[in-house]
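Chain IDs A, B, C and D follow the sequence of writing; residue 1 opens each chain.
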């Protein structure tokens, strides 16, 4: 509907192409920003409620029904709060850092296909662009830590750089498998490749139902391993627990946001969550079938391509499920130490991701009739590799001990 | 955004002063239009619904403060479970426990570091008046000598429910505040940036003994019985 | 510049920091990062300050600074009757008011050779072991919080603690500051139905511990973060006067409940869990295992609780003869002792607390050197300090 | 060794279980123990103590007051948060009633020692906790009328304790009356001995001490029994004459107060010296502290 509206407006403005272009971009960007701001608000509510339930509490329930207006109250409060800029900080970078976080995260969203024809910036090299822009996040976080002129902030910023740079490699490597298999960097094509064509258009509604799922990359051996690596690296990339070292509150107060107050802090908060949405969105695009999902043919339509549930509903559903997993992890796990974080990335994730690339390449060349056996073998092989890697890292991961008692 | 009102009429230091509006201000408010009051309402609603305390514990009372965030009492119901570790992001400073003379400068400094609008709850006897330790040489006799306190919770330590009660008292106080318009009584706007001088601890005592801007020693009770002087 | 030269004489740490060199090149100045953690810091368990020098993230020097909660406890007690100090002992280690009460009562009873009735002794054991549960469960909660878990284990611990605090409230009237024990016995008898409720709570506790262990003990992140971190050698532990679970985690068998057998502890067979390595994980596990032993003691004590008076032949005015006495018990954190000097009046001439927290804290620098700053936080958490007791 | 992460999954299963169980065990309060405080009541039990209050019997607040202003609690209070002034009648004689009875709850630590030392069961602990106020001096200094609460209220908040206390009081009263009767019979016979004892006592003591307000109390109680004096004398011999207690002892009108004095003789000294560090603190604190104590009624 939005797309139609956009097309209509562009058609009306056809007289001046430059204006039409600008308006077109705005028309795509504004809903995106709005929708994801709402998603952010909802996620903070979900996080507070979910964590509360995990901790056997009730959670916010005073501000609005079920505390649903809590994020709004938080937002208004944050905006009207005093903005403190430390005297000795670098004022310009102190200001620019939160904006940079938000902008880079938002820009990442441009390459994610939320639904059929709902990609804001449909370009051929979307995956590359995505990672390139995501890298700016690191810069922004370090900038924030450095510009604040606070020791804790500096520590946080340094941690952020080390962590994000190291985890970007397994993140990209696991995405490489998908790119290899699909043969395209275009996110729309990657999504399209995850539909079993024969099934999805068949007359049998059951087959059509399955056809929307069966092709997801996560069900292939390389996709499964890739998804897990991607997910773990995404946790680190977005500073989520158990990799929330840059803002580890029990060690370095609030890390790089220590000196930020009011609206700038809210921007950081927003940027971080949007970044999480973007990375999760890419995970969904690459491995979880994008906006595809089990779907039905609407009873009023005879078009075999018509869907009862619009694609973006599936997309956002998947995103919130993944977000819930993030919250669940956050409510359970303590965080790693900075050197262990590094060794985990370099000694476990990176070799596994490399092996995964080889496995994907191997499977790519296996003939179609041998796919099943090759897949099983690949699963076993990847499992053994993971196990071997964890044994190699045994000195880093000691086992529980037995204790003796004195009478 | 943070435009302090030019009004000089209000000398409100405590939230309680804002209970009664005199008629003049009320009509003034009405003239200023509904916008002011409804924006005020929105401000107050947001601020009272999302009071983020500072994760700051001093002594025994801190444990009860943590208990109030625990599952039995659950301060999260009021939207206040976000205990921020950095004062820059906190709205509420709960002075929970004995403030010693060595610690008092740091408490004042933390208050200064918090962005406006900020609130202070003095939790427990020690924070209010030195409590059971007030006769000691190293204990500050009440944190309100240096920073303005909005709500006092007596008790040693107060129950977690008392913390919740104090939070509700604070929320009521916040809802009575008027921020915009002429009759502003929000100290965060009237008094500008409330940054108070940090006392220095010389090893013996604090200098100055109190901050005259926020606290004056109370006058002796006028109707003190002649025969009953302690 | 190597680190050895910068270690100030007088506080020679027994552990050498790992060798490293600061890069010095022309036009490039490098310095150690000096961070003052605390007195307001989320992880310092109150108002404790660590002045840390960091090379990157590695601790090369750590100087603990105390005194932010010095409340003149000892001086106040010397100006007060003996009974008047009893509520103040609650506020020493505010997790364990019952054991503090007991240690002080024990010292007072020793002074005038007071006999404590059987029932009172049993109730004291029950209260002390409940306190041990409260303390250890809270310690584990805070410890995991320091590791970075977002409060979940802490809140589970708080949930269980509330049940025990309800028992305390029922018996003594207050949740935390119980002020329950007196010289020669207890202030009041257990209310009706208290024992039944207590049995319920104690019986439910192992299930909670099972769940808690499942959540924490095998968690790889916790294993990685705590094992071989902050190793305390038994020799150093003995030399520094470390007591309590921290000493036992280093493999030294020393439990005052066994050594002194004060109260009626000689009647309960229980085991003392011992660590081998003496790292944070051992300190953490020893406490979890100790809770299981406490439950055993509690069950026995509740089964054998005799009837009878709860108050001995205590004089109305507590005025001990001139002399000095040292009464100690095995508090949850270690040896808690009260040293009283009487000059024959109703006030102590000298009143001194031997706080386990403070003594256990003295080895902090030795434990932390060479570790990361995140480990320093974890080590501090595993030492189990309460600032009310450290600074008094 | 298992695959890296199996322990993590176990932990996550625990949190998931806890998450799910919050929706299913409302009745058992095991996994969702939240008491929604303002609406669903509080967790205060029948044994909770928080701050002290004064009991009165019957309907009349002031007349039914049990407190006789013996000031024992004032002396014994560890943080010294009680302030009592005795009431005088028109003739300037002391009535057994406090004119001012202030408790600074901003100092009180709820230790219950005042309750324990009170020989009249006049002061007991309240379980009310909603005292969060915005004014420290005005709202947190409770005066006599605010502190007075009826015995019925006490029965409501602490039923068991209140019954025990009432039974105790009744027994005491009965015993007192029996004693009084016996005393009155004896009084006539002991009159001569009493006069002699009084004379002796007054010679022994310094005159300024005798003119202290406390010493006036025996006048208010004309039938001062001789037994007390005998006891006081015997104690006076034991203790050095410089101590204050023997002087106070004759002031004790009834057996009850005497008991109380005995209990508190240690504490009376404690109070005196406990004020010293304030004066020597040298920080100007003492003036303010007194001012704080004095503030409130206005």
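In this section, a contact is a pair of C-beta atoms (placed from the backbone, for glycine too) under 8 Å apart; a residue touches a chain by one contact, two chains touch by 3 or more.
All values reported here derive from a predicted model rather than from experimental measurement.
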Partner chains that chain A and chain B have in common: C, D
Chain whose average C-alpha position is farthest from chain D's own: A
Whole-Å gap separating chain B and chain D, where each centre is the average of the chain's CA atoms: 32
Separation of chain A from chain D, taking each centre as the mean of its C-alpha atoms, in whole Å: 64
Chain D: positions in contact with at least two other chains: 4, 8, 11, 14-15, 18, 32-34, 36, 43, 78, 109-111, 274, 277
Touching two or more other chains - residues of chain B: 55, 70-72, 74, 77, 85, 132-133, 135-137, 156, 159
Sequence positions of chain C contacting 2 or more other chains: 42, 75-76, 79, 87-88, 151-152, 155-156, 159, 162, 177, 215, 218-221, 223
Graph class of chain-chain contacts, one of line, ring, star, complete, other: complete
Touch list for chain D against partner chain A, complex: 1, 3-4, 8, 11-12, 14-16, 18-19, 22-23, 31-34, 36
Residue ranges of chain C touching chain D (in the complex, touch as defined): 75-76, 79-88, 90, 152, 156, 159, 162, 166, 169-174, 177, 179, 187, 191-192, 211, 214-216, 218-221, 223, 316-319, 345-347
Residues on chain B engaged by chain D in the complex (per definition of touch): 14-16, 71-74, 77, 122, 125, 128-137, 141-142, 144, 149-156, 158-159, 161-162, 164-166, 168-169, 173, 204-206, 209, 217-225, 227-228, 230
Residues of chain B touching chain C in the complex: 55-60, 62-64, 66-67, 69-72, 85, 87, 97-98, 100, 102-103, 106, 110, 126, 132-133, 135-139, 156-157, 159
Chain A contact footprint on chain B (complex, rising order): 1-2, 42-43, 45-47, 49-50, 55, 70-71, 74, 76-79, 81-82, 84-86, 88-89, 91, 113, 115-117, 188, 193
